[in-house]
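Next, two complexes with chain A in common: one pairs it with chain B, the other with chain C.
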Partner chain A sequence: MSRTRQLIDALRDQMGGSAPLPPPPPLPRVAEPPARVYPRRAEEKSAYAREASAHTTALLGIGHVGTRYATDVVLQFQAELAVAHEAVGQELPDDWAGKSGLISLQSRVQSHREFLLRPDLGRRLSDDSLGVLRTAVRRGVDVQPILADGLSAVACMQSGLELLAEFTKACEARGLSVGTPMCAKFARVWLEDEIGYEVQAKVAAILLGERPGLGTGDGLSAYLVYAPAIGKTDGDRNMMSNIHARGTVPKVAGDRLAVLSKAMIDQRTSGVALDLSHLTAELGEAAGRHHRAPQERVRLVEVQS
Partner chain B sequence: MVRSWVGRGSLIPEPCRVNTRQGRLPHRPPPLRYRVAKGRIAGSMRLAATVRNVRYTFDTVGEVMAKANPPKSGDVLAGIAARDAVERVAARAVLANLTLADLRNNPAIPYEIDELTRMVEHSLNESAYAAVRHLTVGQFREWLLSTAVDGMRIRSVSPGLTPEMAAAVCKLMSNMDLMTVAVKCLVVVRANNTLGLPGRLSSRVQPNHPTDDVDGILLSMREGLSYGCGDAVIGVNPATDTAESTAEILTAIDKVLKKNGCPTQHCVLSHVSVQMRALDLGCPMDLMFQSLSGSEAGNKAFGISIALIDEAWDKMKHLGTARGPNVMYFETGQGSALSSAAHHGADQLTLEARCYGFARRYDPFLVNTVVGFIGPEYLEDGPQITRAGLEDHFMGKLLGLPMGCDACFTYHARMSQDELECLKVLLATAGCTYLMSLPVGDDIMLNYQSTSYHDISSVRRLTGRRPTPEFDAWLSEMGIMDGDKPGERFGDPRVIVP
Partner chain C sequence: MILEPLPPKILSVRRIPNADPALLRAYGADPARHRSLGLVTVDQDDPTYVALDEATKHAPVDVVFARSFYAGSAHGSGPISGEILGVLAATDPDEIDEGLAALIRCLEHDARFYAADATRTTAVFPHVITALGHYLSAQAGLAPGEPMAYLVAPPMEATIGLDAALKAADVRAVKIFPPPTETNFAASWLTGSLEACEAAAVAFAEAVVKVAAEPKGRYL
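Presenting the complex of A and B:
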């Protein structure tokens, strides 16, 4: 036997032979860890979490287990993640627009995956939809609203019709003519440029599901542009986000979007050039171009005991 | 893909060059499975390789670079990606046999139309370049991986590398190759504390708020500090891009840091011109921030230029409140140039490297890629985001930057939370200078998922790393950490006095 071999064998003996670890000591009954719940009611929150929830929706004061989250926090987090992913993953059923009394349109995108990967195709209408648009809708209107799926078909189907109705009503109340109600599938914001141009609308307004955040898959955003035409950029648009029950509710949003539309038609412009300084009372926070309304964090996981 | 390259020099190595260098450098002939065309044939025909008896030809170095890139949805969107895996290998075979000099002579965007190309060309360290100019990209990969090459050697070569060279060698490396070289790189910078020392992992506290509520920002920041986060920077992305708001947030953060004797830096990530106006208002500002793009046109879309960042840097040297000397903070991310149609037909990895070529002009304290933020049209899923994070970290480090990473995804990208957690451990293992940190990783303003306060101490313990020495001492003093273990006040934000 070589010297090295002998040393290796001696080392093995020294490290306990066939039992490299000592037997574990017997374990007494493990004490239940203190309850660490994701705070849903004021009395359950830590003082810090209570103070924090008055100022921010960030999940603060949630404590820790070692360096990781408590089980309850993990479940809340996973529920919020599931809400966001479900909103992104859901497709608008092909017959939803028709059943909802809307003209049904689709971009050049063919599948959901293509929708996520090809923003360029989501900004243009399919040939079929272009045909529909040229024959079946009212032209030369003041405002052409377009309901669309965007990044959350869930949001579109949940509160889209209500927002569309409120917006339409608010526009008509201000003496603006409103185009044929329509809904576009696999739509990106800039699709409003081609649609608005085709129907010769003064203002195109696309109302679409917004990129979901953690636990919030139901938000709609609205993007408005004056004199829509292919080639308009984001600087030409005004937008409003967080249109949902916890942010700006559809009734209020519809009114504000109508105020914006009227201002665009009066000033014959939109985006950076639009002066909203005299409308702050009517527009509220939406007077800023990129305002995001604050929200509340809702507990999603309830375990029955 | 039709595009014009204004080449200034030979497109590929002289046929004899590789052979004559054999005596000086370890060089193995290419394996027999593929054969790279050499010889005095028409320039465009020389960029060719044969894989399994199929001949692949490429018109330009740019086409070779794009097709050699690992699969990225953004390159597909730009219409420049390899058709399939075999064409990708053929492109890599051609790339492996170009010299670093060829890459200098064929920048991704022509010298005549891009100020970044010109700046890199004029500021390149010629003696460092001369030491490696003759190496092929394949040889350069092997040199970087060899045991004898350590952090100091890489520091010597960094200033002689163009971004295109870093991108090219990156394309020939696997994920573990990228980590193996990156962990060797040595980049140490100093503002109020010292970042990038071996065995250290730092973090930015990112206490963003959808309406810039200063109380909300401070509450989140205090919690982050109590988890041992924030030694890289307390950095707030503001919802309102005004000088007054920037100054208000900085002043409030500065007060809390001073009161608690916390050795770190602060920054509000508004546009650089807004921060310059905020400095004029007389507010404290430890670091000045700007997002960078990899082309002059891309930077124009960001509202910046080399001249503007020069001016900002100069102003910071005089009015910045950190001890320095490193006072700038830059963020980047693959796909930003394409998203503003400013990519000039170049692939997103090469353009990302060019951001680092821009950043290193300013000896920054922080540079990080925001790797999964831009969305699935540029990086589709977990494997692409993971790969890009490791690539960006590698290229930044190779070019001499204190490279961090915002390991993150948006909710419409196909990446799971588990994959994201893995990426954080990979980055730390690769020696990543810093990660982000937010409550539960959830950015309530920008709507994406990043690193959490809890993740930072977890990753540090997993990989045996500690915060910066100054911050480490402060954490012990506060009872937040007890050596490398959580201390008595760990996770208790009340330990930080408001």
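Presenting the complex of A and C:
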């Protein structure tokens, strides 16, 4: 009932209002929430939505209630977004590299906040790290692997060491010499150019946590460049993404990255110019420039509805 | 019978699902954000301002246009002109429907003038908004969700009533509209705690009733 009417009714009684007031109009019945959600369950997806979602990990055919998303979709989205936020917010502990038996390097970035705001500083080594690099590591190697935190320290700590070990093993099996294992903190992809140049490696390979997406906070990417030097562009790089338990597993990724390194050294180039057409057997879909096979979306978190 | 409710009459309610951009611009809407309009005319303007504000609390709609007509509903240009034209704008006709439903609910059940004398010729609007929506809060320069007393009466009654309201509780005047307004009434917006707004509205109504009963005081 109207609050103002209650107040005025009381005032009227107090001022000696005589005849009773007409009763207030009855309140309307509140409409029921929409009974139907479209589609009600995943299996009710239209044939078109099912077909389309088989070709992508994007969210397709998730239905709607009126003009809005269904509640379970929103909750799932928020849960997956939280995983991504948390992964971006994580910082690699200073002593993690040392404990893991890696040479510890750091870019020119001083703090985690600066790392997120200044990509340019994340692409250059700090003076201390340059000193370490010039004295304590093997030089003139074929392949210099660099583990790094990138945008997901979680991924780096979770499967970084395994990928590094698999990659090193696979390179050595192909007769390539591998540089001293190292780990860079606050690193962006282009940091491999300076490191690779300093150690005079033929191929620099940075393995770093990739920008977390919905529900994938634990993915690693690898970027390889031949004849690393400051000034190399992304056109000079080959990369592999989605290296995690639900995507390309570290064992397979390590093998493929070694094949890529070998091809770079054989052809003395990398990036767009690199010809991988004869390597489809070893590299699988990574060699082709064609449509990638449908990948099923596996959720990292699952909200119970 | 004093303080009897005088329910507003909704004279017309219409919706334009996909309004022309020129029309949208002319009525203060933004064609980049708004596509649909909801229009309403009512024979009481102040309850409609309150009801338009209420609509912004129930649906993602904006009040882009709300103007009172000169000299009030007794002098309307047509049978459904009433005293005010209010316009809601939204991205979607469904949002307009939802906003209009809230607006009509408010007009039918909450916001209304009350008779200040036995002959029902003096009208008073001592309304308490418990939580402001986006429209009136922006007009008043308050935050959405704050309480506000919306007080309207004819010139003499409103002036005496406003003084009584300001002295009755710990409220401050956000805006005072001295006469003549378009409809020749006088109005004021007060804010404070909800209890203070309620006490101010009651004091306002009481003062208006007393002035209506004894317009010349002890002088004549």
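Keep this in mind: the second predicted complex is superposed on the first by the 212 of 305 C-alpha atoms of A that agree within 3 Å, B and C clash if a C-alpha of one lies under 4 Å from a C-alpha of the other, contacts with A are read in each partner's own complex, and residues count from 1 in each chain.
Quick note on the criterion: a residue touches a chain if its C-beta (ideal position, glycine included) is under 8 Å from a C-beta of that chain, and two chains touch if they have at least 3 such contacts.
These numbers come from a predicted model, not from an experiment.
More residues of chain A lie in contact with B than with the other chain of the pair chain B and chain C.
Contacts of A:267 after superposition: neither chain B nor chain C is touched. Look at A:2: by the touch rule set out above, it reaches chain C but stays clear of chain B.
Contact with chain B, but none with chain C, is seen for A:117 once the two complexes are overlaid on the shared chain. Of the two partner chains placed by the overlay, neither chain B nor chain C lies in contact with A:280. Judged by the touch definition given at the top, the superposed model places A:60 against chain B, while chain C stays out of reach.
After overlaying the two complexes on the shared chain, residue contacts for A:11 are found with chain C alone; chain B is out of touch.
Applying the stated contact rule after C-alpha superposition, one finds that A:27 touches chain C and leaves chain B untouched.
By the touch criterion defined above, A:233 reaches neither chain B nor chain C. Counting contacts by the rule stated earlier, residues 66-67 of chain A appear in both its interface with chain B and its interface with chain C.
Of all residues in chain A, those touching chain C in their complex are 1-5, 7-12, 15, 17-19, 21-22, 24-25, 27-28, 66-67. Across the interface of their complex, chain B is touched by residues 48, 51-52, 55-64, 66-69, 73, 77-78, 80-81, 84-85, 87-88, 116-120, 151, 211-214, 288, 290, 292-295 of chain A.
Every residue of chain C that touches chain A in the complex is listed here, in rising order: 1-5, 7, 92, 94-95, 105, 108-112, 114, 126-128, 130, 198, 201-202, 205-206, 209. By the touch criterion stated above, chain B contacts chain A in their complex at residues 73, 76-77, 207, 209-211, 213, 215-217, 219-220, 223, 227, 239-240, 375-377, 380, 410-412, 417, 438-440, 442, 444-445, 447, 449, 454, 457-458, 461, 486, 490-491, 493-494.
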